[in-house]
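Shared between the two complexes below is chain A, which has chain B as its partner in the first and chain C in the second.
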Partner chain A sequence: MDVLGTVRKWLDERIGLHGLVEFMEHKKVPQHRYSHWYFFGGMTLFLFGVQVLTGILLLLYYRPSPNEAYESVEYIMTQVRFGWLIRSIHSWSANLMILTASVHMFSVFFLKAYRKPRELTWLSGMLLLFLLLGFGFSGYLLPWNTLSFFATKVGTDIAGQVPVIGKWISVFLRGGEDVTGATLTRFFGFHVAVLPGIATALVALHVLLVQRFGMSVPPSVEAEWEARPSERREMRFFPNFLLRELMAWYVALAILGGLAAFKPWELGTKADAFASAPPGIRPEWYFMFMFQTLKMIPPKIWIFDGELLGVLGFNAAFVVWVLLPFFDRGPGGRAQRWVTGAGVFALGYVVVMTVYAYFAK
Partner chain B sequence: MVCRGAKNALIMVALSCCLFLLAAPGLPAQAKNSCINCHGLFDPPLGINAEEFAGSIHAQKGLLCTSCHGGDSSSDDMTQAMGKAAGFRGHIERAQIPALCGKCHSDAAYMRGFNPSVRTDQLSQYQTSVHGKMLAKGNSHVAVCIDCHTTHNIHPPNDPRSSVYPANVARTCARCHANAEYMKDYKIPTNQFALYSTSVHHEALAVRGDLSAPTCSTCHGSHGAAPPGVASVERVCSTCHVFQQQLFDSGPHKAAFGAMGFPGCITCHSNHAIQHPSDGSIGTGNTAFCVRCHVEGDAGYTAAAGMHAGLVKLDGEIQRSEEILKRAQVSGVEVGQTAMALTEAQDDLTKARVAIHSARPDAVDQNIQAGLKVTDKTWQAGLAAMKELKYRRQGLVASIVAIVLVLIALAFLIRKIEAPKPGETK
Partner chain C sequence: MSEQSLNAPGQPKRRLFVEIFLGAGVAASLASFLYPVLRYIFPPETAEATSDTVLAGRVGDLKPNTGKIFRFGSRPALLILTPDGQYSAISAVCTHLNCTVQYRSDLRSVWCACHNGMYTPDGRNISGPPPRPLDKYDVFLKGEEIYVRRQGNA
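On to the complex of A and B.
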């Protein structure tokens, strides 16, 4: 017997590997004209893995204090072998992960994959997306450069606009009245301990729920299959779907490598708390649609503060968005048309405002 | 209803009185100034702008019209207010103005009550100035206090509204000194302001807002205004340009300029229209100052050419390093530390440019060589960065090739797995 076979037998006798492989071989994935959207969830999971791995490597050298943070990242990028690659991949992977997670969310939304009994899968996914945004916001400050320092000031200022609890949120996030070294250590704690802990548990729950209910088939395909059962197509999860997923992961890896080599993530200049904010301060691209909206809202709308109304509006919109599946009353109904319309509007708004933000003066 | 309104009005009045009484101790006591009643309505020269006067430093400190003009401003009776018995002086002759202002401004004990650190030597300084000396000789056209400080709208010199605020001084002097008609009897140029407006000093003060940059009074003095003589030019410039003066004094030009009666710094740099010097200011080119005295073949000519070559070489090396580091940075290779090191070479270049004032090639070369050592290292670091960039891109190409091969292998594997087995229909 070969070595691999021996190891496999050894494991099989102890953890029932055979049963697991058999289970995966029996697990089926629907095969239809929208199947390719399924890959974005897996790609997001892959990029999450890349983040964990590169994040751990960065932790070996990063020092979370205002006097050392910038220098330690500079050290990683110039002195540590392949440090530049690891840091660039970590930054690019974070952005790609938010992109793939957003694509995954909108594909789930428009393919109606949130329908009963998958509402909890949608909710856990939405929570994960918010966590990813939290990862992005907290990680942005860690290099302690000028851009991130002032963007964090603006970001926490906006959080402070929330009525009643805004001030408390702002002080809690900053670790005081202003963005200081206390904010840096706090964000570091969120970024490497609090958020990963919650995210890992939520990823496990999300994957478990996907496993429990299987892949959702879009209503239009489901109707076609019911009308013509002979057209129903499925593929085995293992190895057929998994090999395709693997191909998607490799494509993501190639994109990451290309971005890291041709457009390494810049470090910028070290933050100076006493300097005035440089022109052109703006957040990461995934917050740009909100940033642009808040910029465009007039300072006063009737007797209310414009920015406050904007912040409240976004909070309300996010709550509605998360709860949209519960308004969907099934195929053909008026409610479903409204929900789909809201989705089209949301997607259009986010895309248009993001693009506009980069072209607006 | 009426009764209730009256009651409310009474309460308001009572509250207002209380507030006034509470606020009153914090306000300076304002004596009656009846002069304004009439002179606030007149046109000049008898009229004054009451609002402007109220904002002036004198009014702010509680001074009245009577402080300068005499009289009794507490009386509404014109004959009493402007009567001789009340010491009314009326119009003050120009020749009397410095003494009148000096009555308070030269009284240290009196002025201490307003500002303990205020200077009180203005009158004595003025008496040593060209203005003061000519006034003493009976020329009342020369500047007296009010020509620079204005009459009723006087502000402290650190107030941007003041005519003697650093950024306003040159324009204030130019009111007379750029007026060819007014200055025709004095046989002095009137283009100083036009020349100064093109200078590096004006650019620093007016464009960059550097209030410490020189204006007319910085070199000529304010109350003691006079042209710096040939002997004192160098000392005037060195109040700011300390190193340049020390180096000049240590070099051969000091004695040579003295022997020829050249006025130090301005021999090369001129006076009012001082431009930012360039590396072309030294050497043997068309823009070089040196060729005004030195001719081909003399030692100074050779030294100037050598110093110019050194500056140009170091400047070129710095630019070469900057260019390669910029390319590396734009391409994503972190070169922040090397760029920081390159600032040392920039410092050496600055030191070499300052050392030019010694006119000693060895002193200049010492800084040039130190800078070249730095640029050699930064250039090597730039080359290494470009090599690293090439290595990264080659690595990427190798990785992409490997990934594509894996993708092809996976595609074949999937095809093989999904191929219909013999006897099986798809």
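On to the complex of A and C.
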């Protein structure tokens, strides 16, 4: 008797492995002209895995203090064998993950996959997207370079503009009145302990919910299938869909490897609290649309502080965006047209402002 | 029989009593865990820099129409020698979003690289997003040394 078979039988007798295999064989994924959008969620999950692995590797050498952080990243990139690769992959993968998560979110939005009963899946996904931005923001500071130092000053100052509790938020984030070594220590804690803990639990919940309800079929496809039931197509999750998903992961890995090898992530210059912000300073691309808006907003709008209005406006917009599924009252209704319109506007605004930011002086 | 007559009418009251005390007990213990954690999260206040006067530089450090950053306590400040030979000292922390400003000789203005804010050499906000002027400090010379003092602390 072969060893593998024995192990399998041993496990099966104890934990009922055949149940899992049977379940995987019966799980079906709908197949239609929009099916390829399903891959972006899985790709984001894959990149999350890459982040966990490379993050653990970086932890072996990184030191979270203002006197050592920059030097330790420099050491990783110049002395440690393949250190440059691990760090570049971590940085690039973070960026790609925010991209794939955003594509995933907009595809879910426009294919109306958030409809009942999937509202909780949408909410957990939006929370995860905010966590990703939190990962990006906190991780950005860790190399303690000039760009990240000023980005953190600006970012935590924006948080401080929130009325009433803003000051507390800013002090809580900075670990004091200013961005100092205390901020670095805090951000390190958020980045490697607090956020991964919450994110792992939320990812589990998100995937569990997706599993519970199955993949959503877009309303237009659903209508066609109801009119002509013979056109309904499904594929088995295992192995058909899983193998396709694996190919998508390979594509992501290829892009990641290419970027990390040919465009290694830069380290920049070490942060100096007593130096002026360098010309051409700007945040990461995914914050650019907000950056550009804040830059264009006048200091005073009527009697209100322009900055504050901008910040509050974005906060309100995010809250509305998260709650949009609850405004959608089903197909053909006026509410649904408004929701779709809001989605087109939001996507348009983000894209136009981002592009404009890169061309504007 | 007698037991029932004792309990039946009193039971809801007794339950309410237990619920209130149990609830209050749990809430009190939760509060006693949370309060120290909340206090712990916010760092102790650090004393502001005690000195209101700092040495910013020496005469000859700056050529006319240039500026340099110096430390004022824990924050950066900017000393400028204007083209007409006047010293000006202002806070270097942009009133918009906290970036550190710099003196631009080509514009004869103070400029913030983060969001393109512009100030005059004495700190007045003239264009871009800054909502307020930069804090202005008094400058005085003691021999060759340039001292800067917080205003209103003569």
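We take it that the second predicted complex is superposed on the first by the 359 of 361 C-alpha atoms of A that agree within 3 Å, B and C clash if a C-alpha of one lies under 4 Å from a C-alpha of the other, contacts with A are read in each partner's own complex, and residues count from 1 in each chain.
One rule holds for everything that comes next: a contact is a pair of C-beta atoms (placed from the backbone, for glycine too) under 8 Å apart; a residue touches a chain by one contact, two chains touch by 3 or more.
Computed from a predicted model, the values in this text were never measured in an experiment.
Contacts of A:Asn240 after superposition on the shared chain: chain B is touched, whereas chain C is not.
When the two complexes are overlaid on their common chain A, residue A:Gly175 makes contact with chain C while staying clear of chain B.
By the document's definition of touching, neither partner reaches A:Pro117: not chain B, not chain C. Within the superposed three-chain model, A:Pro279 lies in touch with chain C and out of touch with chain B [touch as defined at top]. Applying the stated contact rule after C-alpha superposition, one finds that A:Glu307 touches chain C and leaves chain B untouched. Here chain B and chain C are compared by how many residues of chain A each touches, and C touches more.
Of the two partner chains placed by the overlay, only chain B lies in contact with A:Leu267; chain C stays clear of it.
In the superposed model, A:Thr78 makes contact with chain B only, not with chain C. In the superposition on chain A, A:Lys295 makes contact with chain C only, while chain B stays out of contact range. Shared interface residues of chain A, touching chain B in one complex and chain C in the other, do not exist. Residues 332-337, 392-393, 395-396, 399-400, 403-404, 406-407, 410-411, 413-414, 417-418 of chain B touch chain A in their complex. Taken in their complex, chain C has these residues touching chain A: 41-43, 46, 69-71, 74-76, 92, 96-102, 112-116, 125, 128-131. Contacts from chain A toward chain C in the complex involve residues 150, 153-154, 156-158, 168, 171-172, 175-178, 182, 273-281, 291, 294-295, 297-300, 305-307, 361. Of all residues in chain A, those touching chain B in their complex are 74, 77-78, 84-85, 88, 235, 239-240, 243-244, 246-247, 250-251, 253-254, 257-258, 260-267.
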